[in-house]
């Protein structure tokens, strides 16, 4: 063969190729790093407009005072009640969405047969796809009047429907547990029946008393923390369900089989083996769901009642509250943007607070997922 | 005068529009939601009768001021006066804000019709809004806890109500529920027997009961003659003295049609 | 095809469906088995389906108590499916159903009133891949007894110790019972799984290719363990490895395409197979 | 525990799972059903002759000849009403002062309600605002107004310590013995003839501009604005997202930098939407000055940043799901890496990438918070495509909020709000359903 072979090219050509490749790759890298740049920019620009607020007013008032009178001369910018309101609806929605979401995720991953699962998934996707303003509209125009007019009755029925079956279970399980020590079987059965009767009376009493108390409640305003919490839980559910389902799937068949083979029921397998193994992933799901609720604007703006108070008593979900996001959305229009007053900057301070929350929780959820992967691979 | 108008018209035809020379010959309005209904009606009227495009953004008085200073709008609708700081900022950018009263707005204090109370004094209203009085039986009504309804802090109506009734120094009770608009306050009061709220005079209908304040019933006449204590002017602010179509739009409130529109909307004419 | 493997002391008599009776000898070095040899898992015309697909075709076989029975055959022949159907692990697959009968201790495994949870308590299983729970070693062993109502700390500790001893793991882990089981080596994990299965005091131990994921040294330990347990439990082991089958088992089943082709004492099956297919398989003509 | 109890717990556990899925489905239905039934009423309703006249006058739509016939019929039916009023006007003048004062305010009510029902009455100054130029356009409103005409809402104030109770009193009683007495019965009897309601499909709700701040007319300006914003966002985010995904899947080395970039991506995905709005205001408008004030451009850019992480993730997944063999086959034939990506991997991954794109498009169309400060206005005309760089636009999402909680007549135009919500949900759900179908087809193709 004379001189040139088919795949050895001249040094110059090879170098040109290398350079081309390098340029191409760095261009791609630049585009890919755009996202990171955006994150930095968001942080920078929100912080830039937030810092003047703290320079003007310091930290103490913002975090410790509940006096929110931004339009006064001079204004008062105590955001404690607003931060509390954000926390309250987030907690409320988590209380609803987390148990429901985890139960639904378990059902999807371990209980439903494949052909039904195919129909359940789009339901979740559609729940996630409905725009927040549509949920807000629902909360304000349809749900709030219902709550206001039939609030007590709705609460009572909810209590009965939820607590009824659980109390029945509790009666059975308690009866079983109390009598477990009795060695004689016939005697044990008799004793258990007695115990069941006793607990039934207690449970019925509880059911009736709480139901009655709830029925007597008069909800003064349908636009309140409860309304918002319920609607926000609809919005957080899809995130919680799909992320926890992934976590449950990641646990793998082997562990489940190991538990079944020892004579565990499905519930025991899931609660004692699968859930603990998937707990980190589920925690991540919960964090992401909570972030969704905390960062939501339209629903809380439209349906929370927007009163900047810490409810009285502090856990009263039937009171109106106000959240960070709604305050930003509602106050920005009238704030004096040109003059850069505290009233303008305080909204950015709230934005910064939200941003830091989201950064931190995102960081934690990522860590947590890494940890789960490590645990499951046995390190 | 006629001559002058013709000249103006000619100026408009030749495209000499006042203010910032952007967006062709369209007029851009931005600002208060309270002035919004008037602005929107004026805009529709103007477009229909003169063929001039008018766009209206209701993004709040503060945003309106900002837009005017940035030159992004021709008219800023304001439900409050320009603040000193805003005027200073405008001056530094070479913008000379001139305020025009477009209409007067009476603020009616409204209760649920089932409430026996039909008159309150300014002092009583202040006590209710500051949280000193929390039950209707303290002001001659039935025994029921008062549900206090206020507007967003960015609302011009809220601003006026505070300065005219509550007093700027006195904070409104934190229990007060906040609604986003006159309409929302009205429907809230209409659906809550123990509620008290305040709305623009134009929004009052028979679903709520507008009460007398200091013995004066709110009406167009009492607002106009100044005897009703809770009234305030609404502004349109321009850069420098307006000319051309902008001037015509601003001065629409002096024409018969303009006056009619204002009163149809439930505001009170200044002229 | 009805197959019964009977045991008569050192000499086994195989009465196949051809009517002929042959004598075969069990390895002399193996320990005697007392009061075993009763039919323990009995299949009668037992078939397994996945939807329309018949994965195991009308098997008739009796597995004898306290002996080790190996199940061999090429991949996809239905041997694992058969094994897993004994403790109803296949129930999790939606399209799974059976016909014919399979009895365990004389009771129908797929009977209308059979409780699979109680059934599984009596049948221990160890899987292909070691699958300890991501819990401590102690908790892994205690998991089963807890499920079945033992909550007493002392009783649990005792069970853990005896189970680990039975699985020949006690000496290696007794100082680190509170460590995560996933920290053990593969072979140790597999023996832990055996111990976990033993902790609920099963009558049968099903081993589904228990050494396929292990290295030769760990494999040898598991085989030793099987030899240890032989005689105390009925053991069924699915394996790829024909040497392993001949080393550890007393009886061997050969499955091919869902059909139980031959079931005989191990020695006989490997030295003098009755079926041409069996011979082809054990001589490596196909796999 | 007893095996029976264990089994019971197991079954209840399963039941809880099922219930939670059912609850989610119920929640979806609870939201969708009222919105859709309400929304349909914006399109399909009993329209009165007033509505047909409005459409003809404002949009030159409808059958002129038929309308003239209808107008004549309704005019004939209304004539007695006007005659009653005229007669009473003269009678009122002749009444003694006390009686006159007593009747006047009730008579005002009657006139106002009749104005609502039938439009301007003879003798009224012709109103300038469109909303006062027509009577009721929808029959269900007419029935409410009729009730208002026939009955006075009264409150029983006899016990000042209690909240008064409501009762209705026939209004006709106030006017017994006057010439107006017959009016009430007449209107009650002949309202249908005066308004001639007939079922109407108002497709114009989608394609018409709004009239008099959404009191009448359609929502085309909002729909168009929503499309501008969503498509604008896609124009920026889609190419960027796909390129970034190519980098992450094909080029990125497994090192610290890459994991940093990845976590930046998930961080961006977690930023609350209102913060994007703040950023858009502070960066695109106040700093970059892409436009003087709110504009479609600024809004699109803000939305683009918001949907970027979703697009990147979807595209990454799609690229990763392309079988390795494709890649190896192409490289084995001597194609360069870049060529392999462009000619083999991307085409194979395209359906998956597009699915992700469609879902993001839906998200961009539905978001409100990021466009509050950057693009949305409450009232505006449709804008031309050339104006997107400088002009703000109304958009469905923002205007739903605006009409539902800030509009001066929020309660009176619920049907418009429902219609808008339905339009928005339809757009978003149609996009999502098409994405779901597309994905189902892909997975079928991959299965073979």
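Residue numbering begins at 1 within each chain, and the chains themselves are lettered A, B, C and D in the order written.
Quick note on the criterion: a contact is a pair of C-beta atoms (placed from the backbone, for glycine too) under 8 Å apart; a residue touches a chain by one contact, two chains touch by 3 or more.
Quick caveat: nothing in here was measured; it's all calculated off a predicted structure.
Engineer: Look at all chain centres (mean of CA atoms) and spot the one farthest from the centre of chain D.
Structural biologist: Max centre-to-centre separation from chain D belongs to C.
Engineer: State which chain is most central when centres are taken as means of Cα atoms.
Structural biologist: Smallest offset from the overall C-alpha mean is found for A.
Engineer: For chain B and chain C, what's the span in angstrom between their mean Cα positions?
Structural biologist: 86
Engineer: Can you give the whole-Å distance between the Cα centres of chain A and chain B?
Structural biologist: Between these chains, centre-to-centre, one finds 40 Å.
Engineer: For chain A versus chain C, what separation do you get between their C-alpha means, in angstrom?
Structural biologist: 46
Engineer: How far is the middle of chain B from the middle of chain D, if each middle is the mean of its Cα atoms, in Å?
Structural biologist: The answer is 26 Å.
Engineer: In chain D, what residues contact two or more other chains?
Structural biologist: 1, 6-7, 405, in rising order.
Engineer: Using the touch definition from the top, which residues of chain B touch two or more other chains?
Structural biologist: Within chain B, residues 59, 66, 70, 179-180, 194 contact more than one other chain.
Engineer: Chain C: which residues touch two or more other chains?
Structural biologist: If we look for residues of chain C contacting two or more partner chains, we find 117-118, 149.
Engineer: Which word fits the touch map of the chains here: line, ring, star, complete or other?
Structural biologist: Here the contact pattern is something else, fitting no line, ring, star or complete shape.
Engineer: Chain pairs that touch, all of them, please.
Structural biologist: A-B, A-C, A-D, B-D, C-D
Engineer: Along chain D, where are the residues that touch chain B in the complex?
Structural biologist: Residues in contact with chain B: 109, 125, 127-130, 132, 153, 155, 157, 159-166, 212-213, 292-294, 377-381, 390-392, 402, 405-411.
Engineer: What residues on chain A touch chain C, complex-wise?
Structural biologist: 113-114, 180, 254-265, 268, 272-273, 276-277, 375-379
Engineer: Quick one: in the complex, what on chain D touches chain A?
Structural biologist: Chain D residues touching chain A: 1-2, 5-10, 12-21, 23-25, 27-28, 31-32, 34-35, 240, 243-244, 246-248, 251-252, 260-261, 263-268, 270-279, 281-283, 286-287, 305, 308-309, 312, 338, 359, 362-363, 365-369, 372-373, 397-398, 400-401, 404-405, 414, 417, 421, 424-425, 428-429, 431-433, 436.
Engineer: Give every residue of chain D touching chain C within the complex, in rising order.
Structural biologist: Those residues of chain D that touch chain C are 1, 3, 6-7.
Engineer: Could you please specify the touching residues of chain A with respect to chain D in the complex?
Structural biologist: 24-25, 28-29, 31-36, 38-39, 41-42, 45-46, 48-49, 99-101, 103-104, 106-108, 111-112, 120, 122-127, 129-138, 140-142, 165, 169, 172-173, 176-177, 180, 234, 237, 241, 265-268, 270-271, 288, 291, 294-298, 301-302, 325, 328-329, 332, 337, 347-348, 351, 354-355, 358-359, 361-363, 366
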